[in-house]
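Going in written order, the chains are labelled A, B and C, and every chain counts its residues from 1.
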Amino acid sequence: MPTSDSIHASEFALKRLKKRHAKERRFKAFGLLAIGIAVMALFWLLSTVLGNGLNAFIQHDMTMDVELTESVLDPSGVRDPDELRKSNYRRIIQNSLYERFPDVTDRKAKRQLFDVISSSGAPNLIRQMVYNNPDLVGQTLTIRVPTSDDVDQLLKGNISRDVSEDRRKISDQQITWVDALVETGEIKSRFNTGFFTNTDSRDAELAGIGGSFIGSLMTLLVTACLAIPIGIGAAIWLDEFAPKNRFVDFIEININNLAAVPSIIFGVLGLAIFINFIGMPRSAPIVGGLVLGLRALPTVIIATRATLMAVPQSIRDGALSIGASHIQAVFHHKVPQAGPGILTGSIIAMAQALGETAPLLMIGMVNFNTEIPNGITDSATVLPVQIFMWAGNAERAWVEKTSAGIIVLLLVLLLINGFAIWLRNRLEKRW
Amino acid sequence: MSQSKIKFSCRDVRVSYSGKEALHGIDIEIEDQGVTAFIGPSGCGKSSFLRVFNRMNDTIPGCTVSGIVKMDGEDIYSPHLDPVLLRARVGMVFQKPNPFPKSIYDNVAYGPRIHGLAANKTELDEIVESSLTKAGLWAEVKDRLKDSGTGLSGGQQQRLVIARAIAVSPEVILMDEPASALDPIATAKLEELIDELSKKFCIVIVTHSMAQAARISDRTAFFHMGNLIEYDQTSNIFTNPKDSRTQDYITGRIG
Amino acid sequence: MSEHIVSSFDEDMKGLRTELFRMGHLVVDQVNSCVKALKSRDDQLANRVHLNDKQVDAINDDIEERVMSILALRHPYAVDLRETIAALKVARELERIGDLAKNCAMRIGVIITDDKVKGTKKINKMGKQVSANVAMAMKAYEDRDTDLALDVWFGDEAIDDYCNAVFETVLTGMMADNSNINGATQMTFFAKNLERMGDHATRIASATHYVVTAESIREKRPKSDRTSTTRYLLEDDEDDED
């Protein structure tokens, strides 16, 4: 502490000191407040998404015995698989249900009973089984079929039993049946594997992200093939080989500008060039990948340049000074040193591309696909667009799907970014 | 001083950075034998001039060199001369030790590899061993050639860089303030090494330390504001400089 | 000469210089007193010269220490290095001159008891010349005056001539009358000592020349002193310089 006669101990000085400390405390408080707001917003977002979406990973299905009656399915007895595909599997399911509840005779009641299970999911399941193995006809199978989305929602408590019958999508009669089936253990909740393997569907209980996930992978593959090699190459050229002139400066400035261009503009570009001019197929991962590749290009270039510039010049000089050529000095020494940074930069650019939605809407990747795409020229959609499409449906079951899709997307992004961080910490050189 | 061959002969050498002249016409002859030291205050152009001899200035954007620089009578700025080959003949050691972030072995082996100096692994091993031995580092690192070169101490790193330079059998070794990042003991070892190397190589060293120039060099050139002020036997420079600017600089007076 | 960036270096050099000048003045005084004591047959003054020599030795030790510290701590180069080394040299020469003055002073007691000794006039002249030369050497050093230093250098020839003359006179006197042999012997030593003081003065002049020009005085030091070869019978005047 200053002695009492020091100018730093005067009353004025002490007052000032107090003020300075107060200023510091105020700044810290503002910082904490800002962080607090951010954390709360994040918490609210996550809790909403998790609250809405976690249930989608659970689904109720019903175990039932179905008799594959030959007279219904294959009256001719030829067992021709193509003929078998056209058979009336609905009838088989219905028969099985009527057998389970013999006292249901009324036509309307019968239809309500059938609505307890997934009305298209169950017949399709059996159709596929019979198509794969026609010998099953005539046997009795025990199968598990998904319940209808309304029953599922009822059992998850999202449809209230307390409101009057005409204000809910499920009748009192249906509730009685469902309760009975739950009682006997015929309806049970299980982990919803279908959500990960199924493609999109009109029926919420059958809709899954399998198709859009594969679509995303294909799109990203194209993006990576385009953006990473060209981006890294461009960055190395700009950093080491580009002449220093106005033209190169102009290019550099515009690469930075390009990174800030709204992504939907890239979608317009893709539509105009790849689809209308070159004539590539609409809605295909190849076009989506190219568009996202152009979008990711500036990101990859900027990330690569940043890591290249972080490599000390002395390493390059060292190589040059013993007679390495320019390209040897760059590719033997500089690029390997920047490798980890380039890798993480590219991964993060890919993660960004994975979350991109708007440009893909422009090139028609927003479409209804019940088939998993077989190649990059097939019609496909991607994860975020799938979420976007589901978000447009009002039913409770779709809200759940939307949130579940978001959870999966976030988890994948978290994994990718986490991997990038891990890689960087592991490989990055300290100078 | 015995009569020695002239290694470098410079006539009116000018170096400019983006049009701004940093060296205003240097005439000097560097002898083949012994150590030549460049001294002078910061920004006097001594490092720029050192980089003239292996054309490292070529790698600096906006840097131009004019005048005539001859090495053994051959113009090293002639368009027919490949700077890559020149740099194999004129090695360089920098201020901050800059070993490659590779193994000690690979650091030394890199030059011979790119120049194809070894026909097989055995020959390469021999080059690595003899270079490290000449650099006075072999005894210290022979058991850990696979370890990273950046894990060595500063002095060892600098000797590793010297081993890397001599592995390509240069005729000249340029040193740009090689001891400025080293402690006194490492500096002493380096100076001893320079003394040893000067028997086989022509050595040109830029140093901030006048004491170092006095200790290790045979001839000293004093640069000031882009001019070569005085060039003489080191003993003359340090006991009886002819120019008052040299005198003021080496005696620590405001020049 | 402009100042060092490190001002304490300047202070060190200034301190060394001041101390050396002080020693110079003291030694010049010693030589003067010594010559004066002989001329005025002042035994007391001679005694004082004897006693003062301790002071000269003390300053010499101090200068040696200062030089050591400057060399160790300041690493002087060029003109600083030359001055530091010259200071050491000059101090040693001064210390020798001081010793010779003391030695002379010790002989004065014997010389003045013997009034039959010949050559008093000549030795007084010689003493005046030597003390002037020593003073001039120091002045040349202080003022960095190479011309004056050269004067000192060439002035030594005259001293050597005086010395030869004193020897001849005293020896002749001794041969004529051996009763004064005691005083006469001391007189020759006195003369020889004075002559050697002159030699030391030329070395100071040489150091001055070195500090300023970094070159030693090239010409061979003038040497006309033949006392070491002066024979009794003086039959041989054509002896060689050594």
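The definition used in the following text is that contacts are C-beta pairs under 8 Å (C-beta built on N, C-alpha and C of every residue); 3 or more make two chains touch, one makes a residue touch a chain.
It should be emphasised that the depicted structure is a prediction, and the values quoted were computed from it without experimental measurement.
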item	value
Reference chain A; chain at largest CA-centroid distance	C
Closest chain to global C-alpha mean, per-chain Cα centroids	B
Chain A and chain B, separation of their C-alpha mean positions in angstrom	59
Chain B and chain C, separation of their C-alpha mean positions in angstrom	52
Intercentroid distance (Cα basis), chain C paired with chain A, Å	104
Multi-chain contact residues (two or more partners), chain A	none
Chain C partner contacts - residues on chain B that touch it in the complex	210-211, 214, 237-241, 246-248, 250-254
Contact set on chain C toward chain B in their complex	1-6, 9, 75-82, 214-215
Interface residues, chain B side, partner chain A - complex	54, 56, 59, 61-62, 84-88, 91-92, 94, 96, 98-101, 110-111, 114-115, 161, 164-165, 167-168
Partner chain B, residues of chain A touching it in the complex	244, 312, 314-315, 317-326, 328, 332-333, 337, 429
